[in-house]
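Each structure below appears as C-alpha cells.
Here subunit A shows up in two complexes: once beside subunit B, once beside subunit C.
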Partner chain A sequence: MEKEKAHFWHTVNGRMLSTAWKRPGFKLGLFVFVFLLLMALILPALSDVSATKISVRERFLPPVLMGNANTAHLFGTDQLGRDLLLRSLVGLQNALLIGVLAVVGMFIFGAVIGIVSGYRGGLVDTILMRITDAQMSIPVVILAITILGVARPTPFSVIVVLVLAGWPTYARVARSAALSESKKEYVRAAKIIGASNLRIMARHIAPNILPPIAFIGVLDVARMMIFEAIFGFIGIGIQPPTPTFGNILADGTKYLINAWWITVIPGLFLFAALLSLNSIGNALEKARNDVFGGHS
Partner chain B sequence: MADQPVLSVCNLDVTAHLPSGDAPVLSDVSFDLATGEVLGVIGESGAGMTVLSRAIVNWLPNPLAVTKGEILFYGKNMSTMSQEEARVLRGKEIAYIGSDPTTALDPTVPIGQHLVSKLMAVSPELSKAQARQRILDLFDAVRIPSPKARFNEFPFQFSGGMMQRVMIVDALSADPTLLIADNITQPLDVTIAKQIVRLLNGLRDDFDTSIIFVSASLPMACDISQRLLVLQKGRVLEQATPQTLIDTPQTNYSRRLIEKVPRIWEVDHIPSASESQRPILSVRNAAKTYHTKDHDKVFGTQAVKAVRDVSFDILEGENFGIVGESGCGKSTLSRLLSWIEAPDRGDIFFDGKSISAMSAKEIKGLRCQFQLILQDPYTSLPAHMTITQIIGEPLIIHRLASGKALRERVAEVMQEVGLALDTGDKLPFQLSASQRQRVNIARAMVMKPRLLILDETLSSLDQLEQARLLELFDKLQAEHKFTYIFISHDLALVRRACARIGVMYLGRMVEIAENQELFFEPRHPYSRAMLSAMPTIEKNRYDAKTHLLDGEPPSPVDIPSGCSFRTRCPNAVEACKTLDPTLRTNGTTLVECHLYEVSVQETQSA
Partner chain C sequence: MAFFLSFMLRRLTQGLLIILIVGFVIFALLRIIPGDPVRIIVGPMATETQIEEIAKDLGLRDPLVVQFGRYLVELSNGDMGNSFIKNKSGANVVMGRSSEGLDNKASVFDLIVAAAPYSIQLAGLSVVFALMFSLPVGIAAGLRPDSWINKISFGISSIFVSLPNIWLGILLILILSTKLHWLPAIGYKGFSYTILPAIVLAIELSSVIVRALSSSVTSAMQETYIQAGVVRGLSVGHMIRHHVLRNAAIPMLNLFGAQLGGLLLGSIFVVEYIFNYPGLGLLTINAVFQRDFPVIQGVAILTTAVLVLINIVVDLISASIDRRLQY
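The block that comes next holds the complex of A and B.
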C-alpha cells in the first residue's frame, strides 16, 4: 500500500495535487470550505431552532454584534422572524447539493460524448459536435425559464437544467483531449492486443484525460452555485418555504434600508463559499499549468 | 597565412557552474586545424562534443563557461573577444550547423528570404538581387532540385535532408573559412546522410573550407575526416588518422568505440533459414492508399500510395526482415500485417486462411496468434497502469486467464523476458527504455502467439541492449517456435537478425533475398545504393561513387510512371519509363527490375 502511494504522487494527478497543496490559497480555501460544509451539515440537524418556523414576535432582529440581546439568533432574523444563520446554512446545503450534482452530471455526460466523439471521429464526431454547438448557442437563463417555467422547479429539475446547459463545454474539452490521445502509440498497442473500442475508451483514454478536467470542474461548482442563486432570485429556483440563497436575497431586497442584514448575511455565506471554492479551483488550475507547462 | 592554422585550441577547459558545485565538462582540450582540413570529433553522447563545437563559436549557454585555455582563430584569441567581435566572426568567418534543421528557421518566413537576409547582414555591399542570385547558385551547389521554385517555399515543405542542405547553404553563403558541423547527419536516413557527407567533401574541395565534423557515428566521421579526435568525458584521448585509429587504436575506449560499430560483411553468425516450407503469413497484392487533403485545391484530396501491390510469404519459424528508408511504406505495411488497418486491395492469409474474409470475432481470436511490437518504448505503454496490469491485460481481453492463474502467467512471462518480479508493481515511467521494451515483448508473448512483428522495436536501443534482446529473441524462438518479422531501417540489424530480407522502396517490395545473397550479391540497384551508403568501418563492397543515388525518393503522391525507381536509378533504360517491372525470381531471390529480367532471359537463352 505504501508503494501505491509513492506511485500516486508521481503520476500527473498526484503531482498536480501536491503542487496545488503548496499554494497558500489552496490550503486557506480548503479550510474555509470544509468549515462551511461541516457547519451546513451539522448545525441545522443539531439546532432546535427551525429555519422555516415563522415567529412574528422575533422579526427583524439584527445580528448579535449589532446590539441584539437574543443570543438564540446570532445572525439575526428576517421579516418573518426566521433565523438567518440557519436559513443561510440550509441555503448553502441546497446550493452545494445542486452545484456538485450538476457538475458531476455535466462532467459525466460531457466526458462520454466527448470521448466517443474524439475517439471515433468521422461522422459520429461531426454529428455529436454539431449537437454540442447547437446546445452551446442557447443561453442558460432562457433555457432555465423555459424548462423551469413549464416543469415544477424541484432540486432535480434545476440540476437537469444546469447539466443541459453545462455539458457542451466538457464535451468539447474531452473531445480534443481524446482526439490527440487516440493517435498515441499506447492506443494502437491496445488495438493490437485486441482491446475493444469500449475498453480502449474506458480503460485507456478516460483515465488519462479526465482527472485534469475534473480538477477544473471545481471552479464550475462555484459557477453553478451562482446560477442556482440567480434562479432562486428570479423565482424559478427551488420554491419557498425551502430557503435558498436566491429566495432569501430576493425577499431581503424589499427591506434593504431598514434590515440590510437579511441580504448581507446570506450574501456573506455565499461569498465565503464561492471564494473558497474559487481559490481551490484556481490553485488546481495553476498547478495543472505548472505540471503540464514543465512538460512541453 | 597558409602555414598558420585556421584554428588552434590550447588547453581548453569548460566548466558548468551548477548550484551543486562546479563540474568540468571539457578539460585540457588542444588541437590545431589547417586550411581545408576536415577534423572529425567522435565520442559517445555526453562526451562534450557539442560543448566543444559551441565553445569554438563562443556560444556556450549558461551555466557553461570557458575557465582556462584559449581558442585562437588565425592567431586571435576568441574567448577573450567581446560579444560583438565574436558575433561578426561567427556570421562571417565561422559557420555552425546544428543537428536539428527542422526547427532552425522561422516557419512563417519563406526559405529564400531567410537566407537572403542573413547573407545581406554579413555582406552589406551586396544588392538584394545579387544576394538572391548567390543563394540560388548555392542551392544548385548543394543539389537542391528546382532551386527557383523552392526559394519561395516555407520550411515545413522541406524534408529533413533538404532542410539540412538549406542549413549548409545558410552556413556557406558568407564564405566561411571554418565550418562546424555538429552531428548534422544524425536525424537523416543513411543514403541521405551519405549524400550530405559527399556534398561536404565536394564543398571543401571547391571552397577550401576547414571543417570540424562532430559525430556520434564513428564510420561517418571516418568517411569524411582526415584526422579524428576521440573525446571521452571532456578529455581528448587520441588524435589519429581514421585508418590508424581503426587499425591500431591506442586506448581501450577507442577500441570499445570501434567494436561497437556494427559489421555488415564480416559477421560470423547469421540466422539459418527456416526448415519449414509452410508459409505462416502470405501477403498477396496488398495495397493501401490514404486520402489526404490537397492544399493546392479548395476541394479535392490527394492519394498517398503508401503500399502498392506487395506480395510475399513468411515461412513458419523464420526471421524475415523488411528494410527501407523513411517514407517507403514500412509502417503502413506493419499496420496491414497486424491488421489494425485492412488493405484496400489484395489480401493477407494467416495459416492459409484469408483474414479479410474473417468476422470481427475471428479476427479478435487471431490476435492471440500474431502480435505487433511497437517502436517507441516511451509512448506505447499506458502510463497509468502497473506493469502487471499491462502484461495481464491481453489475458483479460481474451478471457485466457484470471485471478491467480493470470498473476502466475504474468510472472512466468516476466521471468522469460528477463524482468525482475518486483518491477510488476511499478509504473512504466520508472523503467528504463530497454525494460519497457521488454514489457512490450512480454505483453505480446503472454498470449503465446506464433508470429511476432517487430516494427523498429530495437532501433531506439543502443548496440549492447540490441544484442541482448536479439539473444532473448533467439532463446524464445528456440523455446516457442516463434516466427519473427523485423521491420527496420537498420541494415546492420537485419543482417544480424534475419534469414530472409525484403527491401522496400516507395511502397513496393523491390527485392526479396536470403541474407547472404542480399549483402553479397544484391540484384536491385536500390539495394546496392543502400549498401553503399551504409556507414561502416569495413571496406564497403559497394562504392558510393558508382552506386549512391542522387536526390530523394519521389513523393508517394505522384509516383513516376513505369518503374518507380527509374528517376533515381543510375542504369535506367528506355523500357523503365513505360513498363512497370514485376517481381522475377531465380529460385531464391525475387527482384523487381527490368535490367535483371534481361539478364535472366539471357542466361535462360544461353
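The block that comes next holds the complex of A and C.
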C-alpha cells in the first residue's frame, strides 16, 4: 500500500498534483471551495425551513450585520421573506451540479471525438475539424438563447446546450495530443503485438493524454456556472421556484434601491465559489505547464 | 498578389461554408420546435383555415431545404424577411389584431440596421477601456515575471474572470448609478449611457488579455535576439517597442480573433439586456421572448458572419506583422 502511494506521486499526474499543492492559491481555493460545498450540502438539509418557503411577515429583512435583530436569517430575506442564505446555497448546489455535469459531458464527448480523429486521421479528421470550426463560430449565449429560448428550459436542456457549446475545445486539445502520441514508440509497440485500435485508443492513449485536460476542466466548471447564472437571469435557465443564482439576481434587481442585499448576497456566494474554483484551476494549469514544460 | 488572392478566396469560401452550416442549423432548429409561427403572427383568434392559408402564402408548408434555399436567395438580396411582431412604426402588435398578414411588419434588415450602431459603439468603447487597462498592466507584468506586479496582475485577472457579468453589472448600477449618481445606467439617452455597460464588458475582456499579454511578453523576452540586442547596445525601451511587442502581438491577435470575438459577441447580448441598452442583443433577447423567429435567425447569421470575418482579418494582420507566416 505504501509502495503504491509512493509510486503515484512519481507519475506525471501525481507530480502535477503535488506541484499544484505547493501553490498557496491551490490550498486556499480548495479550502474555500470545500467549505462552501459542505455548507451547500449540509445546511439546506439540516434547516427546518425550506429555501422556497414564503413568509410574508419577514419580507425585506436586511442581513444581521446591518443591524437586523432577527438572527434566524443571518443574511436577510428577499421580497417574499425567503431566507437568502438558504436560497444562495441551494442556488450553489444547482450551479455546481450543472457546471460539473456539463464539463463532464463535454469532456467525454470531446475526448472520444478528439482521440478518434487524432489517431485515425484522414477524412474523419478533416470532417470533425470543420464541424468544430463551425461550432466555434457561434457564441455560447446566442446558441443558448436560440435553443433554450424556443424550447422548454429544463436542467437537462441547459446541460445539453452547454455541452454542445463546449465540446469542440476539448475535441481540439484531445486531437492534437492524440496525434502526437500516436507517433510514439509505445503505440507502435502495441500495434506490433496486435492490439486493436480501440484498445490502443482506450487503454494506451487516453490514460496518457486525458488527465492534464481534465485538470484544466476545473476552470471550465467555473465558466459553466457563470453561463448557468446568465441563462437564469435572462429567464431561459432552470425555472422558478427552484432557486438559481440567475433567477435570484433577476428578481432582486426589481428591489435594488431599497433592498440591495437580495442581489448582493447571493452574488457574493457565487463570486466566492467561482474565485475558489479559478484559483484551483489556475494552480493546476501552472503545475501542468511546469511538469510538461512550457511557460505559464 | 496572387498569393494574397488565393488566400482570400480560400478563406472566404471556408467562411461562407461555415455561415451556411450555422445558418441552416439555426433555421432548422427554429422550425422543428413545437409551436406554429403562424399562430404567433395572426394571434389566437384566427381559425384553422386562415392559418393554413397564411402558412401556404408564406411558404411555411414547403420542405425545410426549399424554405432555406428561398431564405438564402432573399438574403443575398439583403432581405432577411419581416418580423412577426414588430410593426414598421416600431410598436409591438397586440396579439390578435394583426390578421392582415405581414404587409405592415418591420423588415428584419431595418431592425438590425437600426440596432447595430448602438452595439458597435458599445463594443468599441469596451475594447478601448480593456486595452487602456490591459496594455500597461500586461506588459509591466510580462517584463518582470517574478515580481509583485506579476502576482498582483495575475490576482486581478483571477478576480475579473470570477465576476459574473450579470452581478457585476448590477453592482455597478447600484454603486455608481443609484448611490453615487455618477453615471446613468438604464436605457439610452446619450453617449454616457454606454460607459457603464462598456466597463462591465471591459472587465471581462481584461481578465483574458492581461494574462495572455503578460505570458507572451515574458516568452518574447527570453528569446536570444533580446540578448543579442543587449550586446549591440540597444536600449531596453527600444527593444520592447520594436521587437518584443511586435513578436508578442501575433498570439495576442489570434486571441482577439477566436476567443475575444466570441466572448465579446456573447457577453454584449447579456450586458445589453442588463442595462436595457437598445442594441442587437436586446433586440434578440426580446425576439426570443416573443418567439419572433426571423429576427433571431437574422441576428444569429449576422453574428456568425462577423466572427468569421474577424478571424479572416486577424489572419491578414498577423501575416502583415510577421512576414514569416504563410497566408
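Convention: the second predicted complex is superposed on the first by the 293 of 296 C-alpha atoms of A that agree within 3 Å, B and C clash if a C-alpha of one lies under 4 Å from a C-alpha of the other, contacts with A are read in each partner's own complex, and residues count from 1 in each chain.
Assume a contact is a pair of C-beta atoms (placed from the backbone, for glycine too) under 8 Å apart; a residue touches a chain by one contact, two chains touch by 3 or more.
Quantities reported herein were computed from a predicted structural model and do not represent experimental measurements.
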item	value
Superposition on subunit A - do subunit B and subunit C clash or fit	fit
Which superposed partner A:V112 touches (first subunit B, second subunit C, both, neither)	neither
Three-chain overlay, vertex subunit A: subunit B-subunit C angle, C-alpha, nearest 10 degrees	90
Partner, of subunit C and subunit B, that touches more residues belonging to subunit A	C
Touched partner set for A:L28, first subunit B, second subunit C, both or neither	neither
Touched partner set for A:A151, first subunit B, second subunit C, both or neither	second
Subunit B versus subunit C as contact partner of A:L80, first or second or both or neither	neither
Touching partner for A:G194 - first (subunit B), second (subunit C), both, neither	first
Partner chain in contact with A:I234 - subunit B first, subunit C second, else both or neither	second
Per-pair minimum CA distance [subunit C against subunit B, superposed on A] in Å	9
Touching both subunit B and subunit C, residues of subunit A	none
Touching residues on subunit A, where the partner in the complex is subunit C	25, 130, 133-134, 136-142, 145-147, 149-151, 222, 226, 229-230, 233-236, 245-246, 249, 252-253, 256-257, 260, 263-264, 267, 270-271, 274-275, 277-279, 282, 295-296
Interfacial residue positions of subunit B with respect to subunit A in the complex	338, 340, 364, 367-368, 371-372, 374-376, 379-384, 386, 393-394, 397-398, 425-427, 429-430, 440, 443-444, 447
Touching residues (chain side subunit A, partner subunit B) in the complex	3, 7, 10-12, 184-186, 188-196, 199, 204, 207-208
Complex interface listing, subunit C residues touching subunit A	14, 17-19, 21-22, 26, 29-30, 33, 35, 154, 158-159, 161-167, 170-171, 173-174, 178, 215, 218-219, 222, 258, 262-263, 265-267, 269-270, 273-274, 284-285, 288-289, 291, 293, 296, 299-300, 303-304, 307-308
